[in-house]
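Below is one structure, written out as structure tokens; comments come after it.
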Amino acid sequence: MSTAVRLAGITKWFPGVIANDDVDMSVEGGTVHALLGENGAGKTTLMNVLYGLYEPTEGTVYIDGTPRSFDSPRVAIDAGIGMIHQHFMLVDPMTVTENITLGNEPRKWGGLATDRKTAREEVVELSERYGFDVDPDARIEDISVGAQQRVEILKAIYRGADVLILDEPTAVLTPQEVEELFAVLEELTAQGKTIIFISHKLGEVLEAADEVTVLRDGKNVGTVATDETTREELAELMVGREVLMEVDKPAIDAGDSLLSVRDLSVEDERDVEVVEDVSFEVRSGEVFGIAGVDGNGQAELVEAITGLRPQESGTVSFEGEPIDEWSRRKRIREGMAYIPEDRQERGLVMEFDLVENGILGSQHAEPFASDGRIDWDTSRSHAEDIIQKYDVRPPNADADAVSFSGGNQQKFIVGREFERDPSVVVATHPTRGVDIGSTEFIHERLLDLRREGKGVLLISSKLEEVQGLSDRLAVMYEGKIMDVVDPETVTEEELGLLMAGEYPDSYESSRRADAAEPAGERR
Amino acid sequence: MSEATLRSGLTRGIDSRLLVAGIALFGLAVIGVLGVLFPSSDAGQLLSIMTSKSTMSATLRLSVPIAFAALGGIFAEKSGVINIGLEGLLIISAFGGVYFTDVTGSPWLGVAAGVAASTLLAAVFAVVCIEFRADQIIAGLAIWLIALGLAPFASQVVYGGPNTTNVPTVGTITVPYLSELGMVGAFFDATPFVYLMFVAVALSWWTLNRTAFGRWVRASGENPKALDTAGVDVQRVRYAAAILSGILAGIGGAALSLSLGQFTGNGPTMVNGKGFIAIVAYLFGNYNPIGAMLSTMLFAGLDALQLTLQARDVFAIPQPLVRTIPYVTVIIVLALVGRTRIPEAAGDHYESGED
Amino acid sequence: MSVKDVVERLVGASAFERFLISGAALLLSIAVGFVLILAAGRMTTCGTAAATYFGVGFCYDPFLIYDRLFLGAFGNLSANPLNGQFATTLSETTILMFTGVAVAVAFRAGIFNIGTQGQLVVGGLVTAVALPAVATTIPAGIGAFVLLPFGLLLGALTGGIYGAIPGALKAYADANEVITTIMLNFVATSVALYLAQSHFKDPESFATQTVAIPDRALFPSVVFNPRDDFSLVAFGLAVVLLVAVYLILERTSFGYDLRTSGLQAEAAEYGGVDAARTVVASMTFSGALAGIGGAIYVLMVLGNFQPGVPDYGFDGITVSILAGNNPLGVGLAALLFGVLKSGSIVVDVATDVPPQLVGVLRGLIILFVAMPEFFRLIGRRIWTFEDESTGRPVTDGGVGGESDE
Amino acid sequence: TGGPSGDGGTETTGSSGEGGESETQQTTGASEPEAHVGVVYATGGLGDGSFNDQAQQGIQQAADEYGVAYNEAQPDEVSQFQNFQQQFASSTNPNYDLVACIGYLQADSLSQTAQSYPDQEFMIVDSTVDADNVASYVFKEHQGSFLAGQMAGLLTTQEFSAGDGQTNPDQKTVGFVGGVEGGLIAKFEAGFKAGVKNADDSVEVQSTYVGSFNDPSAGKEAALSMYNSGADIVYHAAGNTGTGVFQAAKEQGAFAIGVDRDQSLTKPSFAGVILGSMVKRVDTAVYNAVESVVNGEFEGGSTVTLGLEQDGVALVYGDSLGSEIPSDVKDSVSSVREEIISGSISVPTDPSEV
């Protein structure tokens, strides 16, 4: 086997940041090579360099032994490189066929028209060859995330890619879809393709890759064969210290119901009912988790509870009182805190500084405002408190939110919401995109709240997180709660099946968190 | 507004488009029935005016500049460059067309020069937006204001007044026999620009939906990064689309002034808001060239009707109020139809390699 | 549309940088205008050259034109600081302050209010129509103190209502405000024409105009000559209003809501701001400001209502953009445009160059203000030693590792 | 081509300012001009081929004959009138001897300006300003329009073909296209309608206002809609908007009647459809005013009314079509003219009185 790709001394600077620092890496043809690292380690940047999206500050890319300089993806594509980005590069309103052939359309009539028939045939032929199940005429916006990913792979292959780069391909998939993907990868390597995939999940890397390169702070800290290493070793390489992924969660008796949801149905923007008759309750001193693959109605459910989306039917009660008619503002005032999924769209006004962001949601409330006037002095000390207590860095209240890193933005939001002295906290993916240190910190804060007798509704697609923190765990699939289980006893495989909408064979009702109160049943 | 509301606008938009069309058809049917039953009533007169060849001819004539500008706007906006400077492009080519016809004596050379002027201005717009990352809305506004000053300025320099002299016009092409078919005859007794308009609409549709370039234009407005990573130069596509908008609007502007043989540059000039109406037309037509032309014709038709109603004193509505009919109609229609789904990346600057 | 981006780019940039960029844009457009004047001067015919450069004669002399345009607008200040031309400049400035700040308020709320023209027209019309009627019922002595504020209030009310219409259409029917406001401008102009020539026409006059408003209801001119249609009181009112709007935006909860929804509608909703209501409220606010502008136009300049109101609305957009939508900056930008408007009259009288030139300059200024990147580029070229890493990252927010585990 | 010609042609640019006040003027004489005149035109601007151009002709004639220098201003908006008037009135370099205000829309601002500058002499066309330093010139447009109506009413009922047009004797319809609605244009409409009815009571007159004096496209559409519904002669009182009326007439092979000037001469490309023009001697008014100033006979506070009798308004036949108009029509028109002058026909000024 020969070396398909070799990166030699790649360095990439961004203003103020060294994203890649003298990285060497080589990938054997026909193998699966994993690129492992924490958030911000420089994985995506390195692959963007390989794909010609970025020009390296220094260093050379060799393809099949010859040095190449790519200054645009076009050149990289011509050299047989294809990339499936973390965020799919698909045009939503176009069909699968149109997306796959984009930029390489077969033409007819001397180029005057695209040959749509040939294009379709080629796509059908290709997907059959690799055993992919995609409808060539479906619009991207109508197909599942897994299918979109397959379209991306087909797109790369259609362009004659021999080397396929996949950036965190499993982040959006259910465990079952992950298995399917790995089968696809195997099929591809069997046909001689070379795969580089990015991940920060150790298990996956060990399962699917032949070799793994670990990046830390932009540097290559080691390349190892997967059958010669262990989870622990990889974790240490990645983080630079030993890691304990355990959460210390003392047992607490849950108290009164703080938030109760009865037969709630919610529609999305297209008037499709994406939450159907969901019922559950969050009690004082409890973390109630909801697991599920993104896009199964969790977002809409949470938005309905927090007053950002109208309910179609059902009732939400807060401390025993129905709040269906409450405005968003009233919900905030009465003690419902909310860590939104999308911190940069919702959680922060990116062009406001932290002083201004610190009163988002309290801009009409004492002590920040009286008689319609905002007291900026009080607001400033509030922001500085949050910064200090939640270790937001750099500790500058006058800097605009946009200038903080993702993790620090998140810490500020968490601080702001917790400092409202809420009785219920709705936390959606509270540690998404956050590094390990900050993750631990946020987890501890959530458990502090639980200890103080607040209720926490935790939504996350990270299984360890929901499993580790929750007292009871619901699994959502296609707008319904499949079941509420006991996170202590349920297995990862069972969760995976539930998330995929199937009840596992090994299913035992004893695993339910609350056998007396099956989900969806009225009291 | 979020993507969410945009989406809901889309789905609702389709329903309510049908609703609006339904109401319109119903209204027409009522007028039709009343008109046939009572030919001398107001409804009868209205029916005869609406179905007359002259109203249809006027509709087509009035449609030309708007339709061309709308087509240009579609290309630009589909590619992600919102061009609200269409009005300015119309103005500059309306003047350029007359000036060069005056100089060369040939209206067709005038048209070519008008198109060249408008294309040049569109190129400036493109460079400013694409190269210098100017905000598209503001730059478009600037393009309009520049043309609004420049054309009368030039007219003043050359002709000593904001209005030019009269120059030869482009005549009409009349198809024998077919032109006598009443209302339909209007389609066969028109200036070459009217025929050109239909050709341009068909070609635009074809280009957008059946050629690779059209697909790139759409991709560049929806997800430029997808296009970029597919190896197509987004900036070049956007340049092409913006310049195409200059060419198309240029034809519209030259057609406007050369059907008349004069450019008048006082106040809002002879273009008088047609560029803005064009934007309304393509939004209402949902970026479809055919839809845009139909909404243009709806608008132009109301305008044509308004003129005839005034002259014939059919409804005793005071004349300034009659003039508001087209504008009020647009507002009502928009209120019912709501927002059109604009291309996802329209208005956003894109640079390759940007994260 | 990309209103959000507009606002982001304009409000976000630091005030100082904006100031520099606006200044540079002004200079550059003057330079381009210079070339244009020379070129036009070659195209036209004249007997003797107005200016000779490099041995070539030109019919128009740019220096003279700019002298007249910018200095002419101030008249002879040393001889008479209250001269008529200066009064005209200030009078234009006053009205532009209102339309400018009206546009700015809407912009800050993320709405592109192109309808200030219409709002100004209806505000002015209603004021002009109502005051003569009301004046007869008010005893002469207390006239000015009651009538004038009443007129302004009426302007604010009608302008506000007329602004609320597109606001409500946007908030509750998703109708694009750019289109509806343009349409409403046409409607306002036509309806105003209709009313001024029918029901409210001044029977004494040949011209289409409404009955004259009694003098006691008009703005007292204070030190300036009454014939110059300028009132220091109105000017002072405008300045006070700009400061007030600034304070409302920066220091109140309402201002916070408004700015938040302008910058990031979703974050505003998250923060308990009722997006729809804020849209309507800010459009009403914006319309009211424009409506007061209309009342002032009528009460300070015309003394009645006449159709054919100048394009204060569109100039207001320009003013607001130039000011980076900052109410305080609007004052300066309005002065610049007041100078341009008044100076163009001096240019027309004093030189041969067509006054439309000023329109071209206006467009060029906007164009150049719209492309800060260009000046940053040049700035970087010139001050290469300046630290590159200053300023915040220029990303679309896609930072911060969106990854998931 | 272009640039300074230096051949001492008709146009001269002189820069005479140390104090920055410069002044551009047109002179024939070599040295100091006889008088300085400032002209403030109506909105619509020069090049309209009618009203403003006609005024310009008057000042040019005066410049040629008396060696006066003049300076022109073309306001865009009504609100600028006052400023322009003041600019001229307050200027000291040169000191304007007369400020000519063209158009009735200037009346209100002029009554203020005249009061502020009691030593400045003004003249206004189309309106009366009651001030000692203003000479007012008004016209009896309705009288001239009556003759246009008389001609149109007679011709539409006949079979008549000349130049590029022909009538349609089966349909007795004629049209009127007005610029902006208002008292002044109403006089044209009223006179025209009355004339048509006088010629033949059964002729229908369609009437439209396009809302602008400078929108030829709208003028064209308005006229086309009239021609298409059977009208064969359209009279316009719409400034440059009327250019569109001519265009429509030409396309439809019908006739039009011009206004303000002999438009078969000023718009020669349409001479084949212009039956005649209702000329309004704005030039005479301007010329007379200048003349009176030059001769020191300026009569402030006076109002000169120019009607048929004074040749202030008249119907002139088209340059190329005039000779073909049947003599019975011409005879009838001239006898009606006599009757109006003698007072036996009184012409209404309001369309609702027709």
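For clarity, chains are labelled A, B, C and D in written order, and residue numbers in each chain start from 1.
One rule holds in what follows: a residue touches a chain if its C-beta (ideal position, glycine included) is under 8 Å from a C-beta of that chain, and two chains touch if they have at least 3 such contacts.
By chain, UniProt protein names: A = ABC transporter ATP-binding protein; B, C = ABC transporter permease.
Not measured: the values here are computed from a predicted model.
Novice: Which of the chain pairs holds the record for C-beta pairs in contact?
Specialist: Max contact pairs: B-C.
Novice: Compute the centre of every chain as the mean of its C-alpha atoms, then state which one is farthest from the centre of chain A.
Specialist: Farthest chain from chain A, going by C-alpha centroids: D.
Novice: Roughly how many whole angstrom separate the Cα centroids of chain A and chain D?
Specialist: About 76 Å separates the centre of chain A from that of chain D.
Novice: Report the inter-chain centroid distance for chain C and chain D in whole angstrom, where each centroid is the mean of the CA atoms.
Specialist: 36
Novice: Which integer distance in Å separates the CA centroid of chain A from that of chain B?
Specialist: So the centroids are 44 Å from each other.
Novice: Go ahead and note the Å separation of the Cα centroids belonging to chain B and chain C.
Specialist: Distance between chain centres: 28 Å.
Novice: Which residues does chain C have that touch at least 2 chains other than itself?
Specialist: Each of 43-44, 190, 193, 197, 266, 395, 399 in chain C touches at least two other chains.
Novice: If you look at chain D, which of its residues touch at least two other chains?
Specialist: Each of 43, 74, 76, 181, 211 in chain D touches at least two other chains.
Novice: Indicate the residues of chain A shared as contacts by at least two other chains.
Specialist: 345
Novice: Every touching chain pair, please?
Specialist: A-B, A-C, B-C, B-D, C-D
Novice: What residues on chain C touch chain B, complex-wise?
Specialist: So the residues of chain C touching chain B come out as 1-3, 5-6, 9-10, 40, 43-44, 112, 169, 173-176, 178-180, 182-184, 186-187, 190-191, 193-194, 197-198, 265-266, 314, 317-318, 321, 354, 356-364, 366-367, 369-371, 373-374, 377, 395-396, 398-399.
Novice: Which stretch or stretches of chain A touch chain C in the complex?
Specialist: 15-16, 39-40, 86-87, 168, 171-172, 200-201, 308, 327-329, 331-332, 338, 340, 342-352, 356, 359-361, 363-364, 369, 372-374, 376, 400, 402-403, 405-407, 409, 429, 432-433, 461-462
Novice: Report the residues of chain B in contact with chain D in the complex, numbered from low to high.
Specialist: 52-55, 57-58, 61-62, 155, 159-166, 168-169, 172, 256, 259-262, 264, 266-267, 270, 272, 303-304, 307-308, 310-313, 319-320, 323
Novice: Within the complex, which stretch of chain D touches chain B?
Specialist: 43-49, 52, 74, 76, 175, 181, 206-212, 214-218, 220-222, 224-226, 228-229, 240, 243-244, 247, 251, 267, 269-270
Novice: Across the complex, what residues on chain B touch chain A?
Specialist: 2-5, 7-8, 11, 206, 210-212, 215-216, 218-219, 222-223, 225-233, 344, 352-353
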